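Pasting the structures in now, so scroll down.
You will see two complexes here that share subunit A, one where it goes with subunit B and one where it goes with subunit C.
Our next item is the complex of A and B:
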């Protein structure tokens, strides 16, 4: 696989594979204590406690949703007001032109619509989806195994790279990884 | 099996499955040639749809006169179908969003298929108001507020337009929520794929998801927000649908109880449809360990609870009709129960209020044949509820000289039948090509390998 043509490809990191989420949480915690800055865990399902162990900040997505929801609400009102009271003011059943209570349902729906669409868009942007460049490095990650990847930037310190690679591998073995290997940057193999 | 050292949650997935069993048993249906049973159902559903489509085409050619509509019955079976199908969708959102917010972990086994049902039900529902206009190729443009050569805007004060926004938003948000929930599972299928074309298709569909912890942390927040947005949305959708009726001045429609009454009815009928579909799906795809009797029993409890809410609404309407002292209102309700459409009213009342009472008995709640039959009756009853609301209020309005009896024609029935075919066709395609169970979500509620081993060793002592 990737190791065979290792020379032609960029090293993305060293990965340790675990059979069990608790082991992964412990390993992630230790990786952080050890001083690694760039690492990521890979799991088949969201493992709770892992984000704490990895020291991740809470996702900023709620702010995006809030802002766009608010924008949706205001836009929906302005649009209804402009069409009903300014651009073509029609007397409907003797109601005032700006009959704002009747505009509320659509304001609500557009709030939800823009909030939801922006949430999805924010998720895709923050996660870099669609991800065209990085192939899944192990087919069992989406099934039942758990991985901790110590990414390349950690390896390129003032130490010799080979030495560093060795140390990282030793670290992953010491925290109980069942399998340790190098992962090289590789696309999905489709030309889109 | 007594374990004191570890917290042991309720066992939701039976038969001691491992994570890889989940992947195998859920994905396998997307990977092999469909069974004879699947082809039989699919061809039957497609034929039903084609029958409906043919009748609808004749209707477009000859005009709405082929339907049973008359004066004063300007709304008939099509509007009944619209409300019915929108209602069916509501259970899917309730399961996926509201039960998620309430941390009801049992929902994970059924939420994917229930959400799929929502999407297909809304797709079915949307057909009806559009074809009901007779000239749908105009209607779809007239519904959208865009600057046009007619120089007119839509009427933003009309509940019919609110409906366009409510149902459109509902469809969009449900689709996003469903798709985002499915991304990790599509990645699972991708990573199992041996065939190059399948691998390519699922790679594209999964957007290259890799299960990164950083991504999961965004994902979980986004999922929760979408659940939080869907919850008020689903309540608003059937409320807005009920405004189509309640904002009119017609006795029998013009009541303030309509929004909650419609929402309860929607959840009631939707759960009945979920039970019907899941009973078939779990047998067809051998998912009995995932969609357990326990899940079905919980759904049956919800059916009974919402059935009684609906029953309360029926009673309350009668009380208010009497208490208001309004003779038109009182007549509308006496006419409902004892007028020419008495048969529709009592079909509705017995199917929705009486029959679900059998679920007081645990034996009935946990028996597959009983719940299947009850769910069918509830579906019939809820279809008739919308029929009763729409037709009995219209057919005798204020002036007796304009009263008329409404009889649906074969076009009405054939297109209705076709809508069931259309819905089932999509549902069967979903079962064939996409993971019917949220694999990533049920893994999160299953005991991990380590815990299973501990349970095993402690249990054998």
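Our next item is the complex of A and C:
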């Protein structure tokens, strides 16, 4: 069917659209149990429990934040120590050159700054953003609907693509999708 | 197919107290009474300082239980419904705190310099720092807490019987009133009972500092008791690692909050360098007290911060139990650091008197809390949010 399509575009997968987040979580769990390996869920807002249902591993981002936070803390101390005790030592109010209590607020701020910036950068890297190739295949999933996309590699494992496609559609209907349709690679600019 | 799983939470009943533990607490209490008597003859000043230390420490544990419970009603929190009763149990010690405060009044001349000597600074403060007003306002404050404990915890216990929403609504009205009064009265009590040990010194953030310690130790104790009951199988199917995770996050947050407030107090005084303010930290940065100060920085903040940082740690029952005990000890040392330098400026004094008085308070506290837990349900079984709280983590 994919090959016979009028526009001869490559099939990306089959999408099932749901009305509420709990239905999507149940469907995602069942898709995993059914044996699908390549699928993705789309929601208009973060849905708790979806990452568990999809069997996703914990994100490595916290480790990036931790390391960069520590680096920020240490760098802020070293820089202040260097400027106020080594490079340009000034006697301020009779306090020691290395007046560490005064450094702490800046160490704290630089910890937050590097931690925050590195988290944002890591998020972009791990999520493969920005991604200009793919476009939203249905605008309603940015508004009030929830989608589960079973991607083509699942369908192509079996040579009998037609049968697989049919089975996938039947699966999505059986887990309660309100709407099931095929999505083509070039056609992701599609909007309602 | 997609309706929420509705189920009944099985009532775990009350604690069946082990007689050996009860005997242990009784022995501790007796040791405390004996130490009190002997201490009065041998070294009354040292004994009264230790008495004040433990009186205030256990007062904060009990009051912290009331604050935690009130906070849950105020915010209409759902997650905490399975563990709220455990913090409610701590408030059963509040009436005893009223009694220990009355006993403390006999030692007032050993503890508070403003009560026995006068100078030009103290003369200026005598309108506030005089014995009669001190007794009156502190009794009023502790009495107020006991009143709110009886009202709010009473409502919660009555809800166990009929499960009516009306009790929650009543506590919704009482809890904000309590929290506002708590903020004012607890600041006053910590100024009076702790800060006025050194009546020349003052720090406006002192009340917040004491509050940070109060919540620090209260969350630790709530967590420790929850794990203890869970280990004995009482909270089967009610509290799981997700609820412990929530408690662990709360503990972690207040480790940071304490460090933030402690540093605020220290840095502003250090920076301004005014003689009337620096005495407090000078006393604690020289002699033997510098080691206790360093322990607070490293042991009360840095070590538990890094231990509780990973997600897995906050979901690990055994680790939470151990770190909870550790935090309770750290908070005890914090009050020790606030109080004892006035008695022993050269370095900490620790011996049989300190141990005996601590055991005495621990024994009475244990007996009272154990009694509460064995006469009431271990879980607020009538709470309308309990079913949701038990199931909300089971997606």
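Rule of thumb we're sticking to: the second predicted complex is superposed on the first by the 174 of 192 C-alpha atoms of A that agree within 3 Å, B and C clash if a C-alpha of one lies under 4 Å from a C-alpha of the other, contacts with A are read in each partner's own complex, and residues count from 1 in each chain.
What we mean here is this: a contact is a pair of C-beta atoms (placed from the backbone, for glycine too) under 8 Å apart; a residue touches a chain by one contact, two chains touch by 3 or more.
None of the values given here were measured: they were computed from a predicted structure.
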{"item": "First (subunit B), second (subunit C), both or neither touched by A:86", "value": "neither"}
{"item": "Contacts of A:70 with subunit B and subunit C, given as first, second, both or neither", "value": "neither"}
{"item": "Residue contacts with subunit A in the superposition, subunit B compared against subunit C", "value": "B"}
{"item": "Touching partner for A:117 - first (subunit B), second (subunit C), both, neither", "value": "first"}
{"item": "Touched partner set for A:78, first subunit B, second subunit C, both or neither", "value": "neither"}
{"item": "Which of subunit B and subunit C A:20 touches, first, second, both or neither", "value": "both"}
{"item": "Subunit B versus subunit C as contact partner of A:52, first or second or both or neither", "value": "second"}
{"item": "Which superposed partner A:176 touches (first subunit B, second subunit C, both, neither)", "value": "second"}
{"item": "Residues on subunit A lying within both footprints (that of subunit B and that of subunit C)", "value": "20, 22, 48, 58, 62, 93, 95, 102, 105"}
{"item": "Touching residues on subunit C, where the partner in the complex is subunit A", "value": "1-2, 263, 266-267, 270-271, 273, 309, 311, 395"}
{"item": "Residues of subunit B touching subunit A in the complex", "value": "18-20, 23, 145, 151-153, 155-157, 159, 161-162, 165-166, 168-169, 172-173, 176-177, 180, 183-184, 187-188, 190-192, 200, 203-204, 207-222, 225-226, 229-230, 232-233, 236, 240, 243, 440-441, 443-444, 448-450"}
{"item": "Sites on subunit A touched by subunit C in the complex", "value": "20, 22-23, 25-26, 48-49, 52-53, 58, 62, 66, 93, 95, 101-102, 104-105, 176"}
{"item": "Complex interface listing, subunit A residues touching subunit B", "value": "19-22, 28, 40-48, 50-51, 54, 56, 58-59, 61-62, 65, 79-80, 83-84, 87-88, 90, 92-93, 95, 99, 102-103, 105-106, 108-110, 112-113, 115-117, 119-120, 122-124, 126-127, 129-132, 134, 136-137, 139-144, 188, 190, 192"}
